[in-house]
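As structure tokens, the structure follows; a few thoughts come after it.
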Amino acid sequence: METRHERDVNKLKEFTSQDAGSTHDGIANALEQLAPAIGEWITDFAYGDVYSREGLPNRDRALVTISTLVTQGTEPQLALHINTGLTAGLSGEEIVEAIMHLVPYTGFPRVLNALDVAKSVFEERGLTVTTTV
Amino acid sequence: METRHERDVNKLKEFTSQDAGSTHDGIANALEQLAPAIGEWITDFAYGDVYSREGLPNRDRALVTISTLVTQGTEPQLALHINTGLTAGLSGEEIVEAIMHLVPYTGFPRVLNALDVAKSVFEERGLTVTTTV
Amino acid sequence: METRHERDVNKLKEFTSQDAGSTHDGIANALEQLAPAIGEWITDFAYGDVYSREGLPNRDRALVTISTLVTQGTEPQLALHINTGLTAGLSGEEIVEAIMHLVPYTGFPRVLNALDVAKSVFEERGLTVTTTV
Amino acid sequence: METRHERDVNKLKEFTSQDAGSTHDGIANALEQLAPAIGEWITDFAYGDVYSREGLPNRDRALVTISTLVTQGTEPQLALHINTGLTAGLSGEEIVEAIMHLVPYTGFPRVLNALDVAKSVFEERGLTVTTTV
Amino acid sequence: METRHERDVNKLKEFTSQDAGSTHDGIANALEQLAPAIGEWITDFAYGDVYSREGLPNRDRALVTISTLVTQGTEPQLALHINTGLTAGLSGEEIVEAIMHLVPYTGFPRVLNALDVAKSVFEERGLTVTTTV
Amino acid sequence: METRHERDVNKLKEFTSQDAGSTHDGIANALEQLAPAIGEWITDFAYGDVYSREGLPNRDRALVTISTLVTQGTEPQLALHINTGLTAGLSGEEIVEAIMHLVPYTGFPRVLNALDVAKSVFEERGLTVTTTV
């Protein structure tokens, strides 16, 4: 039977199995001397306690995550979670539409910077993404 | 045939037809002397140009909108868009799960304030919403 | 001859002489036991060192101040500085246009909340302000 | 022997035992139907995993918490954590000095709003707090 | 006679005709596959519906724009709009004064980062800008 | 006897005497043509009027400063003030614990970016900093 920690790690894998670029493993490794608890909190609290909840599927959680990161302008994490969003079932077009949808709520600057980040992630993953006028 | 402005108004109605409380009409009316262009921009730009795009359904647009407003802490608009989200097809439980999902990204304070707003909106609409531990 | 502190107080008066409602005096009085240095910093640093600089007239300084406060969503201070802006030479219409101009940069929520604040300040001062569609 | 959850609850009590006003219990109770997991996350993640760490005493953790809440402008939580800070060993004067220290980093508006909150909390707890010019 | 779209494009040109460096054209081109609607929204909504309004001259609109971007810390857009501000009639000195004026409202960090951006833009345009102590 | 300006400069030195990397001197020099008043305001207002106050020791002021800068995500200034914090008496471990403490209040993204900044500063100063799981 799956332990709690195994559940948490498996949930994390649902979002990261196909990441070509920077991953949560990379974050945890970079901090393993300075702040090893952070890697545990991401796995056991964020992916375990929060992401593992029923009531909202992985794809929708990715949409919520991308929306808050565009709003905050935290670009390294946005790149990471456009990656996890693609792995969790969002199409590139849906991600671009979600970012564009934020113009009336955050204004253009945050959206333009987020689209630059999305463009780079799509190129790294070899995805061609286009939307209509 | 539907004119562009009729399309915009109809899109807006998809989000507001069941609102018991404060609505976009209320906003437009309050500003009709001071800044009447704002009401037009909300209808023709936000609901017309942005919300009317294909590629992301109304329900998902509501999820993105709620996520940015929780992150920004703009509570009057959050109350409005929990209402539009319910009308556009989100369940109360999904809205609560989406707000809770933001804890690892915005911290607890924004989430606690947003849950207070959600609680009030659900009470006004006579909805009983519960989630699991 | 004017001392430095007299210069600072005089500069402050250029912005507050006609305020009907809440003023910097009110702020300083409310904090005179808890944090009396704050009132001095507002007079001597903000109005003395910063506002007293040549190179940008009072009216333009008020426009910059209103723009940052709309963006931050700090509403009590926005009310105060719509008042100081009116005293410093901005018309109500210019203030409304400046707030509306922020939609593409901050999104609608901050702008709608700011227009509510402006509406209240204009009513307190007995001003009728209208803009075109 | 203390279980993990007992440890978490005890850590929370170190910050809340003397609170006259709004407390974490109040938050948890208000959300016990809508979002009962939030109360658990506050106890077990925030107070358990984070606050219980060695390496920074309770008083310093309260100082960090107050600083971030002033910066974010989330006033209900600021009131709560000025209360927990007083319980955890900060004096009212230290709290006021910490808030005033933020002027060069956040500007006056956030600081003025925070001092208003602090004033109310001190009055509720019957504390007389004064600082020098 | 000028069509609506020609009006929008002409308004945009009033702000961009002298830009040596990054321009709105660059933004639109970079997104022409990923999100071509964004370029249209910038021209037709931002420059057409918003900037084209009477009641506030171009120069003042540039001042408002720079103020919000300093406050948000969105540096690529700040560089762009220091450029558009110079084209729209602000002097380099006025831009520096406006940024400095924000210290009491945003604190030093945002202002210092903005002054670095301004310094780079002035150097790219070959402008010598100095202000007094 | 110490003049006011000498007091201000001496206070600044208490925070910067051991800085290997970027310092306030560097900031002032970079702006000495564009905005020389900024350097004076940092010395005379920030370090003179604010930091020189009794009632909170240098080490605690550094803790408050780091907390607000992590929250704002202003990374160049965070690097500077991790340096001033180390000089003012905080250990590297305390700084890491303070940043980690912010997870429940700002979420993971700001904290992860801040830990990256801290890691770079510690490496530049040749410090080995580790914390426990």
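Chains here go by letter, A, B, C, D, E and F, matching the order in which they are written, and residues are numbered from 1 within each.
Quick note on the criterion: a contact is a pair of C-beta atoms (placed from the backbone, for glycine too) under 8 Å apart; a residue touches a chain by one contact, two chains touch by 3 or more.
Owing to the predicted nature of the structure, the values given are computational and were not obtained by experimental measurement.
Minimum number of contact steps separating chain B from chain F: 1.
When the CA atoms of chain E are superposed on chain F, the rotation angle comes to 120 degrees, reported as a multiple of 5. With every chain reduced to the mean of its CA atoms, the largest distance from chain D is reached by E. C-beta contact counts were set side by side for B-E and A-B; A-B has more.
Centroid distances from chain C, each centroid being the mean of CA atoms, peak for A.
Centroids of chain D and chain F (each the mean of its C-alpha atoms) stand 23 Å apart.
Distance from the chain A centre to the chain F centre is 31 Å, each centre being the mean of its Cα atoms. Across the assembly, chain A contributes 37, 41-42, 45-46, 53, 69, 72-73, 96, 100, 102-106, 108-109, 131-132 as residues in contact with two or more other chains.
Taken chain by chain, the contacts link every pair, so each chain touches all the others. On chain F, the positions that touch chain C within their shared complex are 37, 41, 45, 49, 53. Partner chain C is touched in their complex by these residues of chain D: 73, 96, 99-100, 103, 108-113, 115-116, 118-119, 122, 129-133.
Within the complex formed with chain F, the residues of chain B that make contact are 102-109. By the touch criterion stated above, chain A contacts chain F in their complex at residues 27, 30-31, 33-38, 40-42, 46, 69, 72-74, 76-77. For chain D in complex with chain F, the touching residues are 42, 45-46, 50-51, 53-56, 60-61, 63-65, 67-72, 93-94, 96-98, 100-106, 131-132.
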